[in-house]
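Following are the structures in question.
One chain, chain A, links the two complexes that follow: it is found with chain B in the first and with chain C in the second.
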Partner chain A sequence: MLFTSWDFALFIAVLVPVYYLVPKRLQQPVLLLANVVFYAFAGLFAFVLLFATGLSVYLFAIGIGKTWTTQESVLLEHKGEWDKAKRKTFRESMEKKRRILTAVCLILHFGILAAMKYGSGLIGITNTLFGTGFSGAGLVLTMGASFYTFSAMGYVIDVQRGKYPAEKNPLRVLLYTSFFPILVQGPISRFDRLGETLFKTHSFQWDHLEAGLIRVLWGYAKKLLVADRLLVAVKQLIRYPETYNGAFVLVGMLLYAATLYADFTGGIDITIGIGKMLGITIDENFNRPYFSKNIAEYWRRWHMTLGAWFKEYVYYPVSVSKLLRRLTKAARRFGDGFARRIPVYIATMAVWAVTGMWHGNSWNFLVWGLMNGAILLISEELSPLYKKFHARFPGLSRNWFYRAFTVIRTVLLMSSLRMFDCYATVPETFRSFGSMFTTWNLPLLWRGGIASLGLSAADYAVAGAGIITMFVVSLIQRKGALTPRLLGKKLGIRLLIYGTLLAVILVFGYYGFGFDAGQFIYNRF
Partner chain B sequence: MKKQSLKTILCCLAALLVFCAGFCLVQRLVMPKYQERTPEGSLTAEYYREKLNHDVLLIGDCEVFSNVSPVTLYNEYGIASYIRGSAQQLVWHSYYLLEDALRTEKPKVVIYNVLALKYGEPQSEAYNRMTIDGMRWGKAKAGAIKASILPEEDVVSYVFPLFRFHSRWSELTEEDWKYFFREGTVSHNGYLMRTDIRPATKTPTPAPLLDPHLPASSMEWLERMYELCEKNDVRLILLKSPSIEPYWYEEWDKDVRAFADAHGILYWNTLQVNDEIGIDYSTDTCDMGQHLNVYGAEKLSLWLGKKLQETNEIPDRRTDETYVSVWAEKTERYEREKASSDAERES
Partner chain C sequence: METLLDILSELHPDVDFSKEQNLVERGILGSFDIVMLVTRIEEEFDTVIPARLITPDTFRSAEALYSVIQSLEDND
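Up next is the complex of A and B:
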């Protein structure tokens, strides 16, 4: 079921009143039923896989959790009886069990995800290399698989680490893994954080409904006024890279930056808004990322939940792994500085390689990930130089123009890297990027070039107004979230704002017959 | 507290009312008016402005709204008729338009033009909209939507056409403002007059038929139309209106003839009596034989009126007080428009 479909609007219009009207003990079953209905639209295989994942995760977590309870009870039972060494041996044996169970669970679920993501590509390579005729037609990434698999694996690892006990109620685990608003494009939610409100009962509160509704409306505005409209031009630009080179590549880069921002943040706004309407708090995934002054800051503010997941479950474990500790030790003979860098470099590049692969099964994404990692490490290496520079010019970081320069620089840098997301191959991406410096065709833009991208002047005007509005809203958000301030306004003003926003979406939105409004870009990752 | 809650509710209701009013106005503005450009889109809605009942209803696609003149039928034979036809009106459209008409009037005869039977499936969103958007809400419209909708369409946009036509905000023309509140009358009892002459210069060679029969689904809808007429005690007559193109295959003709024979109803294929009607494709067509102009339409109407009189007991409304003044007005507008178009063409 698409967020942008009438079916979905009807689904929410029915769900919200039913959710609050049923006895509170039935709220969670109602939500679970809603997840079933929502995901039933994704097809039988996807449906079975989602709920099988939930069930499997429940069983693994219970198994892992059992080792914790056994460990605690046995240690308690033999308190004062066993010496330290015996206790340690026992703890290690339990830890080994947990690790084995976790590893099996991770291999199973990431294996399924990998088969769906990379299976057809690997089969294609195998067929080319060995002349075989295997078919990978059935290996298609099902809706939300990346997101729910990552969330679910986070839960299993947390139980293995003893952060919290395994959930005994299977319905709760199923509810968490299949929670419909976050299935489309995240955020990747942590079991303990989401569970705080997801597993509670909720009384109807007008403030929650209103705050949720306005957030949903704002999400649709971003998606339908800006993202889906500009995507037409972006698609045209990348479909014909030989024609649209030089200045067009720069235009494409910037349009895609706006498109992706509007699409992804719009989708997350809808997700968080729906959660809010149901009294459930879903983690924020963005913190005005286009105001970042460097790439490291940008990645702390863009798709925050994915970044946090990788940091927690990949970066830290890799950087403190036995192998890396040994490598670090061995590298000491080349100097402490060099040795210190070993775990950071390897863990960073590992995280970014995996992040790239998470995004897609083409080389583009791997190169994109590795380049992100490399730039981050280069920035880190150059930081003493920056410090020296700022020490020499102490007022510069407070200078408005310098700050604007750093923001624009970061946006351009990130937009350049994102070209790997657009073009079909790595060489094509480099060729197009290079053409910005080798092909002079700027005048072609206003001599019909911009008009040939499938959008009318009116479309550019609407998208432009949308981008300006998003920028202004982001500026206002510097002083804190907008919704609470909006809710503090008089009812008449609020109604005027909501009515105007809804009317603008309905009239100027890029939807309906003949338009290609559809799934969110991040849904394919 | 109670007073505050009441105030909040009233404020919300007022805002809702204002929003709905604004919604309706914007919807009205962006919906195509079909007045000066593609006037055939207005035909469905115009029917509801009729105050008098009709003894004959003609149903079908462009071959009825272009080829038959109700004014001629009235002036020559006293037959009060109306054409419920629109562009590419498919057989299920025709069925539901007939069902819709039978809610408010009971004609003696319904003439269905059979050309559209060649389509067994929905064809085009634009034509769906032209036929259905003008229908009054009711069971018939809901049925028409259900039967016609293409996979890429959605029902919601038929309920709220703003969702379909909102993108016209950037293409609004003078026509949209001119007919914002009130639309004019483009037809003469469903007849869309064309006075221009574009002679047919050659007879097209028909493409070989992949399937010699008319689609089964079309014939099922025809069967339903027959049953509807039977139920309402209305006589159904099938008609194939004159045209050179699109080609009317002999195989299709046999199917229709077989249906007519099986149900004991009349089937008039005018292609077989062209000389009797007197259609001259060098002067009587406005688009090289696809549709008749007013001169051809009047010839066909003269023939049709005679046949109707011969085969049915249809009252002569020329002496009926209720009809005289209304039809005099219709005739006056018809003649005026015809003369003005003639003059325009000659100049």
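Up next is the complex of A and C:
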């Protein structure tokens, strides 16, 4: 079921009153039923896989959790009887069991995800190399699989680490792994954080409903006024890279930056808004990323839940792994500075390679990930120079023009890297990027070029107004979230704002005959 | 504790680590610093901070980090 469909509007219109009208003990079963209905539209295989994943994760976590309870009870039973060495040996044997169970769970579920993501590509390569005729037609990534698999594996690892006990109620685990708002494009949600409100009962509160509704409306505005409209031009630009080169590439980069922001943050707004309407708090995934002053800051503010997941479950474990510690020790003969950089460099590049692969199964994404990692490492190495520079010019970091320069620089850098997301191959991406510096065709933009991208002047005006509004809202959000301030206004003013936004979406939204409001871009990852 | 403060000062000589209480939240210690720090702690204390303990809470201050190192040493 698409967020941008009338089916979904009807689904929410039925769910919200039912959720608050049923006895509170039935709220969680109602939500679980809603998940079933929502995901039933994704197909039988996807449906079975989602709920089988939930069940499997429940069982693995219970098994892992049992080793913790056994460990505690046995150690308590032999308190004062076993010496330190014996206690340590016992703890290690329990830890080994936990690690084995966790490893089996991770291999199973990431294996299924990898088969869906990369299976058809690998079969294609095998057929080319060995002349075989295998078919990979059935290996298609099911909706939300990346998001719910990552969330679920985070839960299992947390139980293995003893962060919290395994959940005994299977319905709660199923509810968490299949919670419908986060299946479309995340955010990747932690069991303990989402569970704080997901597993509680909720009384109807007008404030929650209103705050959720306005957030949902704002999400639709971004998606239907800006993202889906500009995507038409972006697709045209990347479909014909030989024609649309030079200045058109720069236009494409900037249009895609706006499109992706409006699409992804718009979808997350809808997700968080629906959660809010149900009294459930879903983690934020963005913190005004286009105001970042450097790439490291950008990645702390864009798709925050994915970055946090990779940092906690890949970056740190890899950097303190036995292999890297051995490598670090061995490298000391080349100097301490060199040796200490080894875990940082290898873990960073490993995380970014995996992040690239998470985004897609083409070489483009791998190169995109590695380039992000390389730029982050270069920035880190250059940080002493930056410090010296700012010590030499102490007022610069407070200067408005300098801050604007750093923000624009980051947007351009990230938009350049994102070209790998657009073009079909790595060479084509580099060719298009290079053409910005070799093909001088700026006048073609206003001599019919911009007009040939499938959008009318009115479309550009609506999208432009949408981008300016998003920019202004982001500026206002510097002083904190907008919704609480909005709720503090008088009812008449609020109704005027909501009514205007709804009318603008209905009149200027990019949908209707001949146009199918699209799925979210991040849904394909 | 002195050794730990020396290690921290190597990373950021301009920060008074004996007083700072929100190292991660304030962005003084980033993920690169944390990995460097874990490597240096292993060199100096012969103690490995496991991934499960690499959390903002562990690295929020020199004191918090030192108490984690001590508890790991006690468990060995």
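The definition used in the following text is that the second predicted complex is superposed on the first by the 524 of 525 C-alpha atoms of A that agree within 3 Å, B and C clash if a C-alpha of one lies under 4 Å from a C-alpha of the other, contacts with A are read in each partner's own complex, and residues count from 1 in each chain.
To be clear about the criterion, a residue touches a chain if its C-beta (ideal position, glycine included) is under 8 Å from a C-beta of that chain, and two chains touch if they have at least 3 such contacts.
Bear in mind that the values here come from a model prediction, so they are computed numbers and not experimental data.
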Key: Overlay on chain A: chain C relative to chain B, clash or fit   = fit
Request  = Considering only the touch criterion stated at the top, classify A:492 as touching first (chain B), second (chain C), both, or neither.
outcome  = first
Task = Could you say whether A:293 touches chain B, chain C, both of them, or neither, answering first, second, both or neither?
result = neither
Ask   = Does the superposition put A:235 against chain B (first), chain C (second), both, or neither?
value = neither
Query = Which of the two partners, first being chain B and second being chain C, lies in contact with A:506: first, second, both, or neither?
reply = first
Ask   = Looking at the overlay, what does A:328 touch: chain B (first), chain C (second), both, or neither?
value = second
Ask   = For A:344, is the partner it touches chain B (first), chain C (second), both, or none of the two (neither)?
value = second
Which of chain B and chain C A:316 touches, first, second, both or neither = second
Message = Contacts for A:403 in the overlay, against chain B (first) and chain C (second): which applies, first, second, both or neither?
response = neither
Query = Between the C-alpha centres of chain B and chain C, what angle is opened at the C-alpha centre of chain A, expressed to the nearest 10°?
reply = 170
Request  = Look at the superposition and give the distance in whole angstrom between the closest pair of CA atoms, one from chain B and one from chain C.
outcome  = 42
Touch list for chain A against partner chain C, complex = 88, 161-163, 296, 311-312, 315-317, 319-320, 325, 328, 339-340, 343-344, 347-348, 380
Key: chain A-touching residues of chain C, taken from the complex the two chains share   = 30-32, 34-36, 38-40, 42, 48-52, 54, 75-76
Message = Which residues of chain B touch chain A once you look at their complex with the stated criterion?
response = 8, 11-12, 15, 18-19, 22-23, 26, 30, 125, 152-157, 162-164, 166-167, 169-170
Key: Footprint of chain B on chain A - complex, ascending   = 6, 456, 458-459, 491-492, 495-496, 499, 502-503, 506-509, 511-515
